[in-house]
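Okay, got some structures for you below.
The two complexes that follow have chain A in common; it is paired with chain B in the first and with chain C in the second.
Presenting the complex of A and B:
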């Protein structure tokens, strides 16, 4: 495996974000709910790190809110990403490998969940929950986001199903679950990792959208909540840029760095995509398999939103990189 | 000698209605115990489909299969496990037949689980590797990418042999190997028949290769089994125009036949 400069750049940004979210709260050392000054005090009004970005509408340190908010967003993203990836992986793997009736039932279910506008479900669930802690929020986001992973994984599993090593495993007496775990899954792991990164990025953005609508986690700050307050208290009108620019930049940085890592991983796993180099066909020997019946998700309704667009691109490229076996 | 496998009008159609592909349109043949039979035909004539039917890897859409006196047309999961102790295969592509994440040991270890006695399983593994000219200690720790195409194909043969199968299918098992290795693998198959009495069914688009090892030949054209008989009969006295055409495509064949055909 050779990583590109893009990968190292993206990975550095991701590590930076992780440091801000998980180490930052200890370094800043000020409770984000404590008032340290008045309404929208300018950065540097007082001494120390907590004054670097001034105060918000409640006189609380923006710096402190930013690092704690980043932590919340990352936690929600990771938990939701794990939930969505696990459900999607199991369903996609079984559907793609088993085929037949089981595949039709599972993909029917996936398409139904996909057709439901998930933001509506998330809003309804969020409103009806008595208490919105970050775990329930992550759960809600995770169980509406898995279909993308399921589809990407299924398409890949379908292409592995036709490889001869599956038949060899059967003739060696391997059972269904053993084949699924040892003969199909390892061939898809790279896709699962990429899908997971996208799910995390997408969940963080969903959480922010919800928080901006005022449906964020209660009693805890998140980046979306900061934007919600900034909007509600007219920070833009009064020119208190320190209240809305830092969370916007942080959110962009998180999503951008994750997409960067995902797309550079894609280049590693699919060498044909490598930039600046001639595209050449990789023979089946590189692990590609005959891809008889991969469907193309891009034609589906709503396929251009969320992680879908990126994932379908991934799947389509995966299809091309496979050679032919007879 | 009795027939080990009897196929009666065995058929396979993929898909339905307009899109139906009649890959095997009803093949009737017998495999005599301890002999080598070759299935020849152009690419797309249904040879691999026929092999997968015989192996129980594909359900047939008509006809019956009988193995060693039992009906094996439809097998449950447990029955297939038992069937695969008697019937094994080696496939065309020695790369895609390998799980690239497994070492040779892991690959063979799976088959070992089918053998109840642990000690016997280990013995059989060494024995099977010996049949294809390997020393266990040299290859067990290796991944497929550390082996050449010919070595991989020999490992695949060893895997099949661990079950001490009565019937071994080789589907284009030599077509991706160099000429010198081809003969090597064909000789391994021949030794199996001679030394262990294994019945072998080789599938090839190369009628010359078929002549070299097989006693019996089955000729397939677009899903039909158009001709069958002993290799001598089929080669020296072909009845069907398709067979004649296949033979005409192998210019050197007739000159060398004297040494090749048994």
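Presenting the complex of A and C:
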């Protein structure tokens, strides 16, 4: 298994973001809700790390808000990613392996949820919530984001179903769940990991879209909430760059690094996606999401469907993060 | 025969999805504890409006939503109103109808997004195809650039552009869609004024689209370049120009799908861009409605987003039924 330079670059960025989010709050050590100055004080007005990025509209330290906000966004992303990947994995595995009526029902459900834009469900759910904290937000995002993982996993599980070792396992008396866990799942793990990375990235973007629309977590700072305040208080128009550039850059960094890691993992796990002889490595993407009902051709197990489904989901997420989910 | 059955099945699926969406759209906001209308009237009475007027408002809402009837009857009243094309009355901007608010906002969203989608699609596909065929440094630069642009949240680019080109180096106006004192109309003065405000949000959207399309097209073209029929064709001594035509045709199909889906997702596709630029489209309308708990407006917007997306998806499935031979094969054969 050989990783490309792009993978190491992306992974370094991801680690950097994780450090900022999970170690940063301890290093900066200033309460993000404490006022340390006035409206949009310039960086370096006072001493110490909390003044590196000046103050925001409430006189709070932007540096402190940034590290705590990154932590919130990462937490929402991770929790939502775990929820979405788990639901998608279970539904996709059962549908793909069991086949028959059960598959029809499960994939019918998946396709219906997939057809309704997730941002719509997320908005409706968040509007209806009496109280929004990071767990309810993550839950809302997670339970709307699973369908495309389910579909990608099902495509993989279907191709594994007909292999000989499954027959062997059946003949030796293995139970349904045991086959699913030990004979089918290992063949899909690489896809699940990649799908998880994308789920985390898109959940973080959805969270900031929601926050900017005014549906963010109510009593805690997140990257999206910082952008929400920056827009509402006109920091861009007064040129207080320290209030809106840091969250903008941080969000871009998170999304870019996770996509980079995902697409370079894709190359490693799917040799067919690399360019021929002299050419460079690339991921194969396609937008064929709308026709995923078509059974994939036999042969190389799912090398065409898995990544195609993953990448088209990326593209879709990128566009809808407002509708996008974005 | 097979095609007809395929289309019918698809149609029923999308009808089902629409029904689920309508149910969610209707019931989710009603889960909120307390009657939204009473809460609203209570808040208005603090504002000092006359009690006769409040009573009139209350009666109208009760009548319009059928609030004195059981939930399931309310749902059918809601469906009946929708069937008549009536989206209801706004809570906060009473007595403005939601139809009018949406009618005012939608043209701005479309004017911003449709050109961005079309241009971005065209330029992005060209760029992606050239990068795939040329390879080398051009490819590398175009790919990393496109990947960066396509993975950048679209509103982050909007914020950076607004700051860079309207505040720091003021080439464009800072937000809004037209100058104060003008009213939206089809006149030269208005359109001439509005276009100067239009450029910056347009630019922020089109760049993101170019990135996304270029990444997709490049990967598709590379995938096709390595496929068996290309090697076989080359082995037969076919000319490159002829091969390029085949590759292009195969690589284009998903891209056309993508175009249709983008146009379908147009209403909900760039909600936050409008917030950043203070552009009076659907995104700004939604933001205002959310901050004032204006449920009829929120529901109307989520419904419009859903319906357009479902329609675009269905259109794509129909199109595929006609042009993709594999669907005809599976439907026509005995494989159900």
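Just so it is clear, the second predicted complex is superposed on the first by the 273 of 326 C-alpha atoms of A that agree within 3 Å, B and C clash if a C-alpha of one lies under 4 Å from a C-alpha of the other, contacts with A are read in each partner's own complex, and residues count from 1 in each chain.
The criterion applied here is as follows: a contact is a pair of C-beta atoms (placed from the backbone, for glycine too) under 8 Å apart; a residue touches a chain by one contact, two chains touch by 3 or more.
Since this is a predicted model, take the numbers as computed values, not measurements.
In the superposition on chain A, A:256 contacts chain C only, with no contact to chain B. Contacts of A:104 after superposition: neither chain B nor chain C is touched. In the superposition on chain A, contact of A:128 is made with chain C only, not with chain B.
In the superposed model, A:165 makes contact with chain B only, not with chain C. After overlaying the two complexes on the shared chain, residue contacts for A:116 are found with chain C alone; chain B is out of touch. Shared-chain residue A:208: touches chain C; no touch with chain B.
Touch criterion met: A:237 reaches chain C, while chain B stays clear of it.
Of the two partners chain B and chain C, more chain A residues are in touch with C.
In the superposition on chain A, the residues of chain A contacting both chain B and chain C are 284-285, 287, 289, 326.
The residues of chain B lying in touch with chain A in their complex are 43, 48, 52, 55, 57, 80-81, 84, 88-89, 91-93, 95-102, 107, 110-111, 113-114, 156, 159-160. By the touch criterion stated above, chain A contacts chain B in their complex at residues 163-165, 167-174, 182-183, 186, 284-285, 287, 289, 325-326.
For chain C in complex with chain A, the residues that touch the partner chain are 13-14, 16-17, 20-21, 24-25, 28-29, 31-33, 135, 139-140, 143, 147-148, 150-156, 159-160, 162-163, 167-168, 174-175, 208, 212, 215-216, 218-220, 222-223, 225-226, 253-255, 257-258, 261-262, 265, 267-273, 275-276, 283, 286-287, 290-291, 293, 295, 298-299, 302, 305-306, 309-310, 313, 316-317, 320, 324, 326-327, 330.
Residues 108, 111-112, 115-117, 119-121, 123-125, 127-128, 130, 205, 208-209, 212-215, 227, 230-231, 236-237, 239, 241, 244-245, 248, 251-252, 255-256, 259-260, 263, 272-273, 275-276, 279-280, 282-291, 294-295, 311-312, 314-316, 318-324, 326 of chain A are the ones touching chain C in the complex.
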